[in-house]
Every structure is written in structure tokens, then in C-alpha cells.
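Note that subunit A is present in both complexes that follow, paired respectively with subunit B and with subunit C.
Now for the complex of A and B:
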């Protein structure tokens, strides 16, 4: 008995071929980068998803800048204050638009028509974003971050995860904030957008056919 | 600049909080303003017509 398969024998059984077929089967180029959307997408409520992504891009760009310059720079120089403020207010706009995007999608039951993965990746992105913002507040290196850390310490200890996630450990919070969590948020966001492309924008309630697409 | 500072309040001092009587609910004015702005933006997004570029009459 041999389970070894030579290259080129049956290409469709190789993991690369299966992955390729699975990815491009559900996401052909015209669906991945469409130039047309259904008429019902012409509403301001659909703007807030892309506004969230735009905010995220500014957050990442300003965050990379801050990471190169360091706390002394963003606390003492004019440009540092400006970039620090851009980073902070982009986060406010990010959550502002993401919450409105969430409300819109919730009230239109956007998980209909096989779009549960789109909805759930949005939920995960929201949760990961909260963690990223929280660790961001912890690494401001000012009195505000000290206050938040000392208050959150008691809260996290009370639910039993204080030893694993110690908010008084600035090094841990900093690494989570600049490395692990942005990577997670970025990956989930990409998967979320790909799911939107794969299944399409959900039609209004009462205007979908049996497959969940617009009637 | 002074008008902006007045509008934002004294950001160096303690925050202003509103407490709903007979409930444990307490919220800062800043957070309340942001939540109100989100509700306004949500309703506006639903009722303001979206411009249609190149749409037929």
C-alpha cells in the first residue's frame, strides 16, 4: 500500500490544487474586484464599512510612524503630538463607523443567504479591535494609561485571567498592541472583505430569492 | 482656538458626568455626545438620498 502521490499524477488531489480551486472557485476575478453593485447598495448606510477600513489604514500608517519614533517623540515634539492625535482620532472614527456599520447590518439581518461567515468574521474583527484599542490605551505611557491599567487589573483579576494577561506589564501590552493584535485584526478584516466579495452584499429583506441573492 | 477649547471643555481637568436619577447609570458628557452623534449619523445615512452618478432621468 502506498499513499505517496507523484507530482503531476492527479493534480486535483494536491493541497495546492484543492486550495486554488476552493479560493478561485468561489472568488473569480470579476467577483473579487467588481465594477458594479446591485442598485440597493446605493445608500449611505453602505459607506460605513469602507469608512471603517479607511480608518484602519490610517491607524496602521500612523501606528507604524509612532513605533519608529517612540514615546519620547510623541510626548514632546509637535509632529509627534500631531501623529499621536491622528492615531487616536482615527481609532475614534474607526469605532464610530464600525458601530454604525454593525447597526446597519444587524437591522438588515445581513447574515441571511449563507452569509453567516461574513457576519461572524465581522464579530471577530469587532472583538479583536476592542482588544487592540484597549492595549493601545495601556501603552500611551501617560497618567491615563497608568489609571486604566490599575483599574483594569482588578477587573481582569476578578474574572481569573490576570496572571495570563497582566495589564501592569507594559512590555506585554506593547507587544500585543503593535504585533499580535494588529496582525489578527488585519487578517480578520481581509477575510471579512473576501467573504463579502464571495457572497455579495445582502439584499434588502423581502427582496432575496431562495439562494439568498437579490431576486 | 479658544472657541474650540471651550467647545471641547477643559480636557486637563476631571470629566463631567451625568447620572440618571434612581438608577446606577452614569455616563460622561463626552461619551454621551459621541453616542448621540452616532445615532444621528445612522439615521441620516438611512434617510439622506445617495447621489446617483450618471443616472437616467
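Now for the complex of A and C:
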């Protein structure tokens, strides 16, 4: 048994070894960063996943910039307003790309061949992104936030969530928006993409046996 | 040790060179340029916040009426129920389940004190008539307070005036209290007092927003911008900017009966019922790969043949 081959298989009771086997067993370097793809990976639809990641990175970069200057900066500074615009438009592109990505994966039934968990982390990414965007609207500290908070409180209160997540408390919304929620979206996204790399891109309908041969 | 039950099957068929890192860098560049261009061309919306000061100055009648309803307990915030006020039987229901009541009063708000009485007490050098009015209010029984305030709310509603005239004993100290509050609000002093309470730092606008929401000022401003709940306002944005388009399904329900009709049970509980529906739909979306029927839709409507048309051109379906 060669050492490289056995990475994923080494039986061990050590937690460390089990974690390593679980992670690298399914994700050797050539799967993590492959330089080949199956011949069927030829469609514009594949671009929207990576466009979603790209938008997310721009959202994070512009968000970090905004946070350095504080929540009120963008109301009074031209540079601030421009950085806010970048944040705003990258969010629009993010959701646009994600929606097309979602529908693409649906029509490709991309959950086939053990990929159902990839679909599920995708849905979780979608829901967490909605939560993040929502708190973003709450912390604009302008008329829009006042109105959105005022309206949204009724929805959240009506199902008891408002008792813990008070949208009229801008401090709470701000901290969630810049700390917990981006972390959650980021982590889910990383897991999602690693799941894709682990199993490879889903084959076309009818070619699930992976041989690629037409019968 | 048990063997890995689910071996990962990798594609064994034809492959091609594919540079995912380059694809990523190109995507990032494209999105960056696109975002910069959109930002430069269209900027982003920033409608200034409303203040209690602007409310009192532009809609004095609305302000005074709201203040009076805080005192008689009929304002939206004073009669809200959980999580602000303990009111038996209040709260929206999904069928028999009242999650709103179950969650309890976690953010107690006493509208009359927080928005009217306490701020007036903070007045640095009150007139003798205000001092007298505050004293009379404090000495009165809750029933008496309610009687005065309700009578005044009714009179204001009928006259549509800033200050209803007539039998002074009918309204007790209420006209003095509300008109003093108006003076305070017009000066801008009320914004700080309502928001801050006894704090130095302020990050929580529960009081300010609840108070402002008790008038029609905030909603009128929103409706003017097509942001009302029954205008699909949830996915609209101030100005002509794209809003939260991803909330289309959530806001959709509010536009149609029975949800839009408050006279029906469902309409009266629309917030909770729509939330319930959206939670259920989210769960179904999560479980699409396991739902018989739903998961087969892409096979029945074979758009995948267009997506993978290059592949199918050279590789006929196995078994055909």
C-alpha cells in the first residue's frame, strides 16, 4: 500500500487521523483543484456558481471597507456613498447569479449521484444570504431602514422570532450583519464548493453510471 | 472499522483541460468591473431618516393624536401584545398555535410612560401648567386617565384640530400633556429623550420606531414611495432602485386574498400564516432531491437537453 493511496483509508481511532482521513480522503489535491473537467462541462450555466462566489467576495471587500469607517460614514462622504453603491450592486449581482445558478441546478437535477447534500447546502446558503441581506437593509440607518424595520417587526413578532431578534434594535442587526451572518454564509459556501469538488460535476441525465459510454 | 459505505464515483468518461482558477479570476474581474460601472452609473439609494422632530413639524395633528392614543392605550404599540405588552388573547395564530404569545413579552414597552410622560418629566424648566398637568395625571387612577385620554382621542378625531376645545374637565390634563409634548418634539428635544432613556450610548431604536409607527407619518412617507405592504413594498426600494427582488414570493401572498383581507381569519393572522407558508416552502426547497414528483419535474420538462446539448449531440442517450 503506497503512502499516498492510503491517506483516505488509514484506520485509526485518533480523532486527528479520523478528521484528516475524512477531509483529505475525499479531497486529494487533484480533486480540490482539478485541471481537467468531464467533457460535458460545456455550458454558460456553469458560470453562475463562480459568478456568485465572485460577487460574494466583492460584497465582503466593500463591506469590510464600510465597517472600517463606521455605519454613518456613507451618508456624508462621497467616497462612502460610492463604497456603499459597490456593496449594494454586488449584492444585486450576487442574488441574480445565485437565482440563475439555483434554477440551473434544478433543471439539471444536479442532486443526482449522491449530490443531494450539495443541493441542501446551496439552499442553506440562499436562506442565510436572505437573512444577511435583510439585516443589511436594517443597518442602512436611513428612511429605508426605518420603514423596513417597522414593517418586518410584525412578521417576525407574529411567529415569536421578534422576541429574540428585535429588528428595531439597530445595534443587534448591525452586529449580526457584520459578524455572525457573513461568517455563516461564508462557511456554508466553502462547504458547498468543497462538496462539489469532492464528487465532481454531475453528469448529464442518462449518464449517471460514470463510464461516459453510450450503451 | 466499518468501510466507507458511500464510495465517491468519479467520472471515468472523456475529459478535457479546464482551468478553474483562470475561470475564477476572470469571473472576479468581470464582476468587479460590472459593479464599479453600475455604482458609477446609478449610485445607490439613501433617503434620509425621518425624525420625531420632522414628524411633529410636518404633521402636527398626526403627532398629537398619536400622543393621545399612547395615553389611552389605543395606539398600535400600546395595544400590540407580545413581545411588547402583555395582553391576554393577543398575538397572531397559525391555526390554533399562537407562537407570538408563546414567545412572551421579552421587550416590555409602556407606551404612555416611555413616549409621553417620562419625556415630559425630563423637561428642564417646565411651565407651571405642565407641572400641574403631570401631577394631575400621576394622581389619577388608571380608569380616570383612560377616560380623559379616550375622550380626547375621540374629540381630536372629530375636529381634526391640534387641540380640541370644550369642557376641560372631560379631558383632564391630556390636552396640556400632548401640546407640551408637541412643543418638545418640534424643538428636536424629544428624539433624544425617547431614544436614549437613561443611557449614554444608543444602539436600540425600539422606542423611537414604535412611537413613530403609532402615527401615520411614517407609513404615508412609505406609501408615497410605493413601499406599502399591499404595494409589494417589501421588494421595492426608495427611488427607482431595484429592491429585494428575492422576497417576491414572500410579498406575493400579501397581495392576494384571503391574506390581503383582514376581515377573514387568515387575513387577520396574515403575518404568521405567511411566515408559516414560507418556512414550509423553504423546507420543501431544501428537500427537493427527496420529494417524489417534484424531483422528477426536470425529467419531464427536459431543459437539461439544452444545457448539455453539445454532449447529447455526440452521445446519444444510453439505451436508446
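Please note the rule applied: the second predicted complex is superposed on the first by the 198 of 215 C-alpha atoms of A that agree within 3 Å, B and C clash if a C-alpha of one lies under 4 Å from a C-alpha of the other, contacts with A are read in each partner's own complex, and residues count from 1 in each chain.
Here is the rule we use: a residue touches a chain if its C-beta (ideal position, glycine included) is under 8 Å from a C-beta of that chain, and two chains touch if they have at least 3 such contacts.
From a predicted model like this one, the values you see are computed outputs, not experimental measurements.
**Q** Which holds for A:114: it touches subunit B only (first), subunit C only (second), both, or neither?
**A** A:114: touches subunit C, not subunit B.
**Q** Could you say whether A:207 touches subunit B, subunit C, both of them, or neither, answering first, second, both or neither?
**A** Second partner only.
**Q** Tell me the contact category for A:53 with respect to subunit B and subunit C: first, second, both or neither.
**A** In the superposed model, A:53 contacts subunit C only, not subunit B.
**Q** Once the shared chain is lined up, is A:104 touching subunit B (first), subunit C (second), both, or neither of them?
**A** Both partners, subunit B and subunit C.
**Q** What is the contact status of A:42 with respect to subunit B (first) and subunit C (second): first, second, both, or neither?
**A** Both partners, subunit B and subunit C.
**Q** Have a look and say if subunit B or subunit C is in touch with more residues of subunit A.
**A** Of subunit B and subunit C, the partner in contact with more residues of subunit A is C.
**Q** Enumerate the residues of subunit A that count as touching subunit B in its complex and touching subunit C in the other.
**A** Comparing the two interfaces on subunit A, one with subunit B and one with subunit C, the shared residues are 42-43, 45, 47, 92, 99, 104.
**Q** Over in the complex, which subunit C residues touch subunit A? Could you list them?
**A** Touch list, subunit C to subunit A: 1, 4, 6, 8-21, 23-24, 27-28, 30-32, 34-36, 38-40, 42-50, 80, 82-83, 91-92, 94, 99-100, 102-104, 106-107, 203-206, 209-210, 212-213, 218, 221-222, 227, 229, 233-234, 237-238, 241-242, 244-247, 269, 271-272, 274-276, 282, 285-290, 295, 297-299, 301-304, 307-308, 310-312, 315-319.
**Q** Quick check: in the complex, which residue numbers of subunit A touch subunit B?
**A** Those in contact with subunit B are residues 42-45, 47-48, 92, 96, 99-100, 103-104.
**Q** Enumerate the contact residues on subunit A facing subunit C in the complex.
**A** The touching residues are 8, 11, 25-26, 31, 33-43, 45, 47, 50-51, 53-55, 57-58, 74-75, 81-82, 84-90, 92-93, 95, 99, 104, 106-109, 111, 113-116, 119-120, 123-124, 126-127, 130, 133-134, 137, 140-147, 149-151, 153-155, 157-164, 166, 168-172, 174, 198-201, 203-207, 209-215.
**Q** Considering only the defined contacts, which subunit B positions touch subunit A in the complex?
**A** Spelled out, the residues of subunit B in touch with subunit A are 34, 37-38, 41-42, 44-46, 48, 50, 52.
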